[in-house]
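Heads up, the next two complexes both have chain A, just with different partners, chain B and then chain C.
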Partner chain A sequence: MASTSAAGPSNNKPFQFPPHYAFPPFFTLQPTLSTRTSQLHSWSQLIQAYCRHHHLFSLTLIDALATPLFHNAPLRRQLSARDARAIVDWMSSAEGDSRAEWIGAAPKKAAATAAAAADGDEDTRGRFWVFWRKPEEWAGVLEAWVDATGQRGSVLTLYELAESDATANQEFHGIDAELLQRSLMVLVKRGKAQMFGGEGEMGVKFF
Partner chain B sequence: MSSNRRGVGLSAFTRNHISTAQYASHGNALRSAQSDSLQTQLSVFQSLLHQFSITHAKDIRSNPTFRAEFARMCNAIGVDPLASSNAGGGKAESGGSFWAQMLGGSVNDFYFELAVRVVEVCRDTRAENGGMIAVAEVRQRVQKGKGIGGGMEVSDDDVLRAVDSLRPLGSGFTIMKLGHNQMIRSVPKELNTDQSTVLEAIQVLGYVTLSMLQINLSWERARSIAVIDDLMADSLVWVDKQAEETEYWSPTFIHDTGGQ
Partner chain C sequence: MFLNQLDLTTALRPSLLPEETLLFVQDAVGLYEGKYKIPQYQNGHAYLTSHRACYVDNEEPRKHSVAINLKDVEHPEFYAGFLKSSPKITFYPKPSKRLSLSTRGPPTLSGNNATSSPVSITPERYGSPLRTLASSPAPAPPTSATWVCPICSFSNPVPSNFDPATANAHTPLPPCLACGIKPPLVHVVKAAITAMTNRQSSPIAPTPQRAFNDHGNFLSTAGLSNDLAASAPTTSVQCPRCTFGNHPSLLSCEMCGASLISIADKRLELARNIGRSDSPGPSLTNLPLQGESIECIKFSFRGGGEKIFYERLKNALVQRKWLLQSAPPIPKPNRLSGVFDDGYVTGSDQNERDPERNKVVGIAGLERRGLEQRRNNELMLGTAFEDLEALMTSAKEIVALAESFASQANLGTNGNSEASALLSQSASALGLVTTKDMLRSGSDSLYVSELSRNLAELLTDDTRGILKREGGIITLVDLWALFNRARGGVELVSPTDFEKAARLWDKLKLPVRLRRFKSGLLVVQGRDRTDEKTIASLLSWFRELHSEPPVGEVSWDWRLFGRGVTAQETAERFDWSVGVASEELEMAEEKGMLCREQGLDGLRFWENWLVNMPADCIEG
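Moving on to the complex of A and B:
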């Protein structure tokens, strides 16, 4: 998947799809409201589990449509772009527990957005966060890790947090820089950390 | 013997009277002898059953096959472990349930606990399957359950019994047969014949299409559409628009086909 640069410790075990994945109608959004809600729940869980397994923090809709996540090749069923968008929209809503979020402008992923635009789809809505942990939850994880490793009071760079060997077996290893900053901002707001530095090299100090 | 001989005169009345009285007393004697022997048989049986259930109380709780056999045996001799707890001492000597006394309530409690689980499973999956779920599916979910006391060892038979124990509550949980699958219906809504026919047909392949209904049941198109629409509105079927002809699937197959 295009959107995540560094893969964490590569998972050898194949992702275990839920039973719904083998159920053909799962790939057609259901017209009945209650059925649809249940279906959206199942999709949300599947997407989160899939991203967690493959250590992905965001997806590009157009690319994701071709991956096994949205395309069950043996079953010859695949989610349409429109339905996939509806699912992400739902996941972003309060009802969907804000488990996703469209990324407004994504200059880094110009290629992806261009592809989306070329496809005639809404241009900027190509990429989205999948919050299998929300920023607030990541904040908790980061804080717990800092606590456990006794690094309160010391200064860490954001790069160190995401990419150093010390975090290699942590869930947040390889985390998207933008998402990391957002999670740290949560801690800053709580008065648990302070961020400084500028473009390229940002540091953070935990209290 | 004397009834055929016609007495003459008034004395005939007395004789008649005496013989009836004799018959009656003899009958009484026979009856009481019989009931005495029944009483002893029953008490012997009761104490044996008591002993049996005490020795095997653990098995009854933990081993589903054993429990099913035990329940079947009770059924065969006309003792219903569940019903007798409601009967409030119908059979028991000193109030309280016959079974509760015998087994320390363990059999009852077991089924009531299970019934609570079953209700939970049905409620959790209602949006997905419209309140219709296969008994086997419920069993699997109960066994996999993560809640407190989850992972109970149960058989399909236990689940059926548990659903049965809900009846006094008027909860609207019913068992229905679809094809050769037993389903628990947790939404009290009657299915009409057309709907059940379609659901039964779905059990065979997992899905139906409009033309399948038209050809096999020689229904008119409008009728097929109406039935399918009703079933969809009740979440009893899911639509798959990506097949050659639109297919209508039963959500019970989510788990059948997905089992690894």
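Moving on to the complex of A and C:
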């Protein structure tokens, strides 16, 4: 299912599902616009909260369908692949606040895949980012951490940032390397950091 | 009172008395009292029934509707219209009332008129003879007898104070208004006498009190116009194309086949936009209806149809159906002998009077009685169908017979109740339903609007309870089938007309409405049944489900969420058809009150907790 480690800081307590999760129609995507919007918001929040709780940064659709996130076993209700895809599509749109993004699909291709998804479940194996924090927000978090620990001006490897004991109690501990790079690139663009190094061993210097 | 309050049906048509039948309907009709328009009574439908002539206003039908009992009508008068003045039919009340009025002094009405609309009493268009005729029934007919000048042949009025009985050579005579030559006395006397005899020769002469009215004028043209009206314009309808004189009840020309109605219709289309503000007639400011001082009432036919109306009115006046109720049944031939009974004897009396019958008892007696009964029926049917007139007069009996046949047929076959109900309904429907020939069929809009009212009546008829049986809502197609069946297979209504009629409900402010669901399904329901009410009843049902445990084990908290319902369940609960139920559910869903769940066992609808989670739920 998820791509990265499952050892999060708050993993001891079971995830508290929202009340909608126990309501059977929640698992049918509504045709009425206002109801549908409300439902999509609820789903978006649920997915983000679930991923935050389990410290997941991306999901694979086909695998996630079987997890408790999309499958309420005691209620015997399950979200269909098509509806789940619609929810992720909505989350990645501007309307959904870009809280998700299909991995490996350019924005233009997304439309094509959406069309393909309509007639077949070919694309359900697609992975998608769940931005319970967006790259910009991650950048802010990283910068704040660097500031707080007085490491401005020093050089850190990406591995250090993600996996070292020093960041063990940070939210970005165990962050996906690709997402970490994207977040740092935001800082680079702002002129707050500089990245260097090559394959496998990349470093970053904060200004 | 000459004008009576009119009770309307739910469909805003006159509610007919028992035995009363609808003869004709015409729209675009206005009312006049005397020669003055009655305000608020200027745009409506005229209904002619066998007992009454009714006016139903288009704008405020409940407030402004009146009926004239035909039994109070002395005689009708026809005026064919002239230039901008519409054709009119005048109803004169029975003279007894007018007598008592006129002895009371000058009619209060004319006083009203004088203050409200100071129209000069002498007609403005003196040169137009038709105009003079038109105004003749007015409270103060201004024209008197005329004498034609032997020199210049100009028509001069006979002086108001001229009395042929006392006139002699010394009576001063005014000279001719055109050439100034004094007429010979004999000439004027002759003219005055002719005028008087004309007046008296009319069926019932206006009372002498009235002849010399406020102005002391001779009332002579009233009689004159009666004669003219009876002879000239009503007997035939001139074809606009070939000028052949057709019978008034024909709708198209007998010679060339041209429609006799279309012409009037085109004018109607034009007139509809113009309105009647520019109508030449003055109008009253206050309503004289309550007063008893009504000289005459005119129906002004701005949309045509006056000839057929008049024709049928005359027939109704001749037939005097209102007498029927107290009248004896039609003479029946006495048994065997063939001698006509006088009909005053009821059945039991007859038995006592007939020693013969009492002698035969037992099975033979029963058989004999049956035989007699059959013979009697046979005779009645035979005479009834002999010609149309006979059928009309014995219609009452025939309908009774048909009903008894229907019940017998039902007994014999022990058939389903629906069929028999329809059979008996169809008999009563015969007299109830607007048919195309009751109206001028050229005018489709009138037919459709009458049909629309008809339908509304059928739907709101509590004795049939059609809407109630269907849970207050019925699809248009079902209604169409039902309606045509109720008509008993005659004068079936085409689906197009039917839909058009249904669409008119809104415009005619009738108590039923046509509704189109999202899927295009057309349904009929009472006007009081709005979406809000439907949703409210649905939601209250959903709330009930919170407290009653669902059948079987369920995996969710039913106390919190209730349960989902299918269209089938909803249909059963509210007595709707399944199609209607699912449409109603979807309507409620669209309004955000419900949400759906597509499960393996089909579509279920829930209260919409997606938008508003129950408060206690969020805390827990």
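Keep this in mind: the second predicted complex is superposed on the first by the 181 of 207 C-alpha atoms of A that agree within 3 Å, B and C clash if a C-alpha of one lies under 4 Å from a C-alpha of the other, contacts with A are read in each partner's own complex, and residues count from 1 in each chain.
The criterion applied here is as follows: contacts are C-beta pairs under 8 Å (C-beta built on N, C-alpha and C of every residue); 3 or more make two chains touch, one makes a residue touch a chain.
Since we're looking at a predicted model, the values are computed, not measured.
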Sticking to the clash and touch definitions up top, decide whether chain B and chain C on chain A clash or fit.
clash
First (chain B), second (chain C), both or neither: which does A:Trp132 touch?
neither
Regarding the shared-chain residue A:Phe172, is it in contact with chain B (first), chain C (second), both, or neither?
neither
Quick check on the superposed pair: does A:Phe206 touch chain B, chain C, both, or neither? Answer first, second, both or neither.
neither
Tell me which partner A:Gln30 touches in the superposition: chain B (first), chain C (second), both or neither.
both
Which of chain B and chain C A:Tyr21 touches, first, second, both or neither
first
Of the two partners chain B and chain C, more of chain A gets touched by chain B
Touching partner for A:Gln78 - first (chain B), second (chain C), both, neither:
first
Let me test your reading of the model: by the given contact rule, A:Ser38 touches which partner, first (chain B), second (chain C), both or neither?
both
Clash-bearing segment of chain C, relative to chain B, as chosen among 99-107, 333-341, 387-395 or 585-593:
585-593
Shared contact residues on chain A for chain B and chain C?
19-20, 22-28, 30-32, 34-35, 38-39, 42, 76
Which residues of chain B touch chain A in the complex?
127-128, 130, 207, 232-233, 235, 238-243, 247-249, 251, 253-255, 257-260
Show me the residue ranges of chain A that touch chain C in the complex, using the header's touch definition.
19-20, 22-28, 30-32, 34-35, 38-39, 42, 74-76
For the complex, which residues does chain A have touching chain B?
16-28, 30-32, 34-35, 37-39, 42, 76-78
Can you list the chain C residues touching chain A in their complex?
555-557, 560-561, 564, 589-590, 592, 595-599, 604, 606, 608-611, 613-614, 617-618, 620
